[in-house]
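Note that the chains take the letters A, B, C, D, E, F and G in the order they are written out, and that residue 1 is the start of every chain.
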Amino acid sequence: MSDIGGVDLFVLEFGDILHYFTPYSLTLFIFALIFTVLVIVARPERQLDIVFGGDAYYAKKTPISERQFRRFMAIACGLASMGAMASGDIFNYTLFVSMVGITNVGIVAAVKSRHVLNAAYEYGIVAMVGTLPLFGGAALILGTTGTLSIPALATGGYAVPLVAKILLALGVTGEGMAPFYAAKAEMFRAPGAPYVIMCSLSSLLIFLRVVEIVITI
Amino acid sequence: MLGELLYILAAAIITWLLFVSVDIFFRLPEKGGVSGASAVARDIQAAGGDIAGGNMMGNIVCSPDASAGTLLAACGVYVAGIPGGLIAAALVFIGNRICHDPGYAGTTGALLATFVVYGFTQVGFTATNFIAGTVIAILSIQGISHVHASRLLARLWRVRQ
Amino acid sequence: MILTYSIGLFVAFAVTGIAFFALMRETDGLHRLLLTDLVEVVTLAFIALVGTDLAEALILPGLVVGTSELIALSEIYRVKEGFNRPPSDGLQIEVMETAPPILAALLVGYGIILSGFSGGAVAGLGVIFYFLSRDHHERFEVIETASGYSWVIWIFAFFTFMIFPERWFFAVMLAGSAILVKVMAKMSIIGTMRGGPNV
Amino acid sequence: MIALPLVAVVAVVAALRATFERNTARKLPYVNVLNFAIAASIVLLLDHPLSLVAAAAYFVGSTLEANAIASTYAGARNQ
Amino acid sequence: MEATFILGLAILLIGVLAVAFVRPKTYVARLINLEIPGWGLLLVMLAYDETLALLTFIAVTAISTFVIVRLMEWRDESC
Amino acid sequence: MIEYLVFAAVFGLLLLGLHRKVIARIQTRPGPPIWQEILHALKFSFKSTWVPRTASATLYVGIVLIGIGIWSAAFFVVFAGESILILFAIYMLHKVVEHGFGLSSGSPYGKFGGVRSVISAASEIPLFVTIAAIYLLTGSLILRDITAYQGVHGPLLFIAPPFAIAMFLVILSKMPYGPFSIVESKELVSGYKTEHFGVWRAGLAVTEGLKTFVLLYAFVAIFIGAVPFWAALVIMTVVLISLSFVCAITPMLSPYDSVTIQGLITGLMLVYTGYLWWVIP
Amino acid sequence: MIPALEIMFGFIALVGGVSAALILDYYGKLISLGILVAGVIPFIVDRGYLDVAITVSLIAPIATIFVLRVVRRADA
């Protein structure tokens, strides 16, 4: 396979589903792992809000029940991004990506702030719409080449249509990258730093991975 | 071709008589079994029909009655003979229970029709004739003219009374 | 075959365009939610057009993702708009007294025969329909417990796969029935949704 | 084998009449005819014991649907 | 190139148009129209013999309809 | 191994000091001494250190280590001539680190800095286009292969100057006092760095030093090719001084304008890449 | 299935679909949906999937009943 991410370090095969690591995806995987561990061990901060122009300030606390739910969602998000990093199958990758989308919504869903919830709702709509190009791209690749395995596609001999690649990239972008980011940036206003960071981290990771996939296949 | 058509017409008349008599025997035109049936009856009356006939038509719409029993019994006889007809009767019974129908018109109709259809298959008819015949019969009641069909049914109902 | 696929793809892209156009022009929250449901259907159409066994296997996860996002979004919408009064019984018609138990029994029975996720969805629909006609005095802890145990069985079945591959049939059956119970339990809880009394 | 086309023609007629009928409650008898025709054609299409069950299931299901629609309609009009 | 497939695509197209440009523009009308493309998709799946997917799809569509119905009920109750 | 890292960090800090000095001289101020940043790092190492009461302690501390960790990794990737895609990844992930710095403390200033760093996603896109174009030109993303390619065809700087400019802008957007450094603008005190003090701030300084070194070194390796190490250091210094000139004479943009300009640059790069793609085969 | 039948059942399904899209009244829409289902079922049966046909024809009314809950509220 073409070695844009470095040579293969590790390949694990389950029948025709396989997982593999290049130095590139391994880096990303480790990053996701570190942050997942951080989410597990870290307690959320107490966010201070000041009233601009005055001396008044108040601290927001994260209640226990809310914290548990959000921690769970953040861990799930970390696991999903790890899966997306390790997967060697385009459809599995898209599934993990859409799971990242869901968990991202879940991370902030428990916050009782209308502002954050609005942003989460808008983001959720975009993420759900993003599954169309995502799955559409994967299905198009399957329909035209007959395989979904990234290493198999990378060996060449398959004409992956450009539109499928564009759809794939578009879908991942829809799950939380630049042009659709506006709604997501508002989500970060929610308190609970370790969990909120997972949102931004996971979307970066899946984007970085799709860059590799699109160039490779 | 033409012969089969005649057979179907004959089957239609037989099934028509069969299920209308069973329905009237089970007092379907008396009142609507569920509120939906009454609503249908009222609208048919508003269009110039008769309330008694409308009630019966509403009941046919809202629950498997003798006509449905006849159809399914004919189907049962077609696919599996007499046992098929009995199974059809059981299915109609379940259907009645699902549709909040306390009566036994459908089941009775199915049981009767099983034997009638089976009997007629011995004298040259086929079960498919009866299936198509039932459909045409129900078309004549529900699908041609609600006003006239309801008046006809109401006249038959008064005869029974 | 190629022609079929091309025509299908053409229609799918056209439909995508229409759906996105509508979504672009829509501003109301709930309307947008409904349109995303439409987009999900279009997504599945893309996958279904591939038309192989693999496509069938891919539709199922696609469905799962779509449904879970829909449920999550509807819940967020409810909280964000501050809808906090649980609905009272909506539909008082006669058939709701008789139909649900029988239909639910039929669907659950068929779901058990079908097993796996599909069976779970079918059976879960039956259970939702059943709960809909009752007051929610059922004991939800029991459902939750069943769901938990079924998860354990599912994991156990996976280990059976790994360790005793020759017992694959047993493992498949175990996993299938466990996922059935799991999905059914989860789906049936949708019927009540959080926030109501007795939940 | 004229039964099946005959039934299908009846179905088409019923569908058209149901579509072009304006009054909601009076649509339902036409739909009922359609259901009869479809249930009959299920059996006529496939001669198999299970198709009897399929026909019954379809018929009961659609009757239930008609019943529910009619009852809700009646309930809404009574209010 | 068979009838089921073409019919499915046609209904899918009709349904999507119906949902996108819904008349009257209410939630309920849109929810009802949402079922139409589902049946079109069902026919497409049927054309490729994807029965298991088809079954699940129908069940899940009903469930998601229910989810939205439930949401609308909450809305009606609170507004 | 560790001595390379230490050297890189110290040299990077020295470059940052030089950066401040050049800016000051252009603005006719005396400016701090060149080793000021190194002194800062040392000073903070010995100041008293604790964790704020409102902060999420683990994250607050862990993010410093992660920051140092990822840039050390980037350093070795560039040094060993591995895939520049990894460098790209680390560059983007640095944003998450900034975000973490900002949010972990609970301070509103830090939070706004962090949120701004997330908004400024546009600054990474030119780099992505650059990398795609490099792949198009050289057919590989392994730094060794790129260097080898330049050995044959001459420096990429002269083959495709627009990409060098794009990369230059990318580095510029991470430089302090630059037009794109909205995350550190003065209305936010020190942006995401506000609440990190003591040893943590020293760690942050090390991260900054490493980052500056790695980015400049990568610029030299990608666009100039194989040069002796001392020459690379000299070229890095020259590039840095040119960066300082830009920083000194441009005002800081508002967040919105900053994103717009970066988006425009990305668009131009895309057009150029498309042109190359059209021309090359 | 002979083409004439395919055309007829397909026509029923299309009539159902189009009228469900065009009719403004909610009850009318739901009834049209029933017509659509009626047109679809024969295609399922023709392919031999009787179990699918059974399940589909049981699920369709359930979906309708779900929708009726809101139709009732919107109407009242």
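Note that in this section a residue touches a chain if its C-beta (ideal position, glycine included) is under 8 Å from a C-beta of that chain, and two chains touch if they have at least 3 such contacts.
The shown structure was predicted, so the numbers you read here are calculated from the model rather than taken from an experiment.
Ranked by separation of Cα centres from chain G, the top chain is F. More C-beta pairs in contact connect the chains of A-F than those of the other pair, out of A-F and C-D.
The geometric centre of chain D is 21 Å away from that of chain E, both derived from CA atoms. Measuring from the averaged C-alpha position of chain D to that of chain G gives a distance of 10 Å. Chain A and chain E have CA centres that are 29 Å apart. Shown for chain D are the residues that touch two or more other chains, namely 4, 24, 28, 31, 48, 51, 53, 64, 66-69, 71-73, 75.
Across the assembly, chain A contributes no residue that touches 2 or more other chains.
The multi-chain contact residues of chain C, meaning those touching 2 or more other chains, are 33, 42, 49, 51-52, 55, 66, 70, 77, 90-91, 93-96, 99, 103, 122, 125.
According to the touch criterion at the top of this document, the contacting chain pairs are A-C, A-F, B-C, B-D, C-D, C-E, C-G, D-G, E-G.
Residues 5, 9, 12, 16, 20, 23, 29, 32-33, 36, 39-40, 42-43, 46-47, 49-52, 54-55, 58, 61-62, 65-66, 68-70, 72-73, 75-77, 79-80 of chain C are the ones touching chain A in the complex.
By the touch criterion stated above, chain A contacts chain F in their complex at residues 3-6, 22-24, 27-28, 31, 34-35, 38, 41-50, 59, 177-178, 181, 185, 188-189, 191, 193-194, 196-197, 200-201, 204-205, 207-208, 211-212, 215. The residues of chain B lying in touch with chain C in their complex are 34-36, 94, 97-100. On the side of chain F, the complex with chain A involves touching residues 53-60, 62, 66, 70, 73, 82-83, 85-86, 88-90, 92-93, 95-96, 99-100, 103-108, 111, 114-115, 118-119, 121-122, 125, 128, 132, 135, 140-142. Across the complex, chain D is touched by residues 91-96, 99, 103 of chain C.
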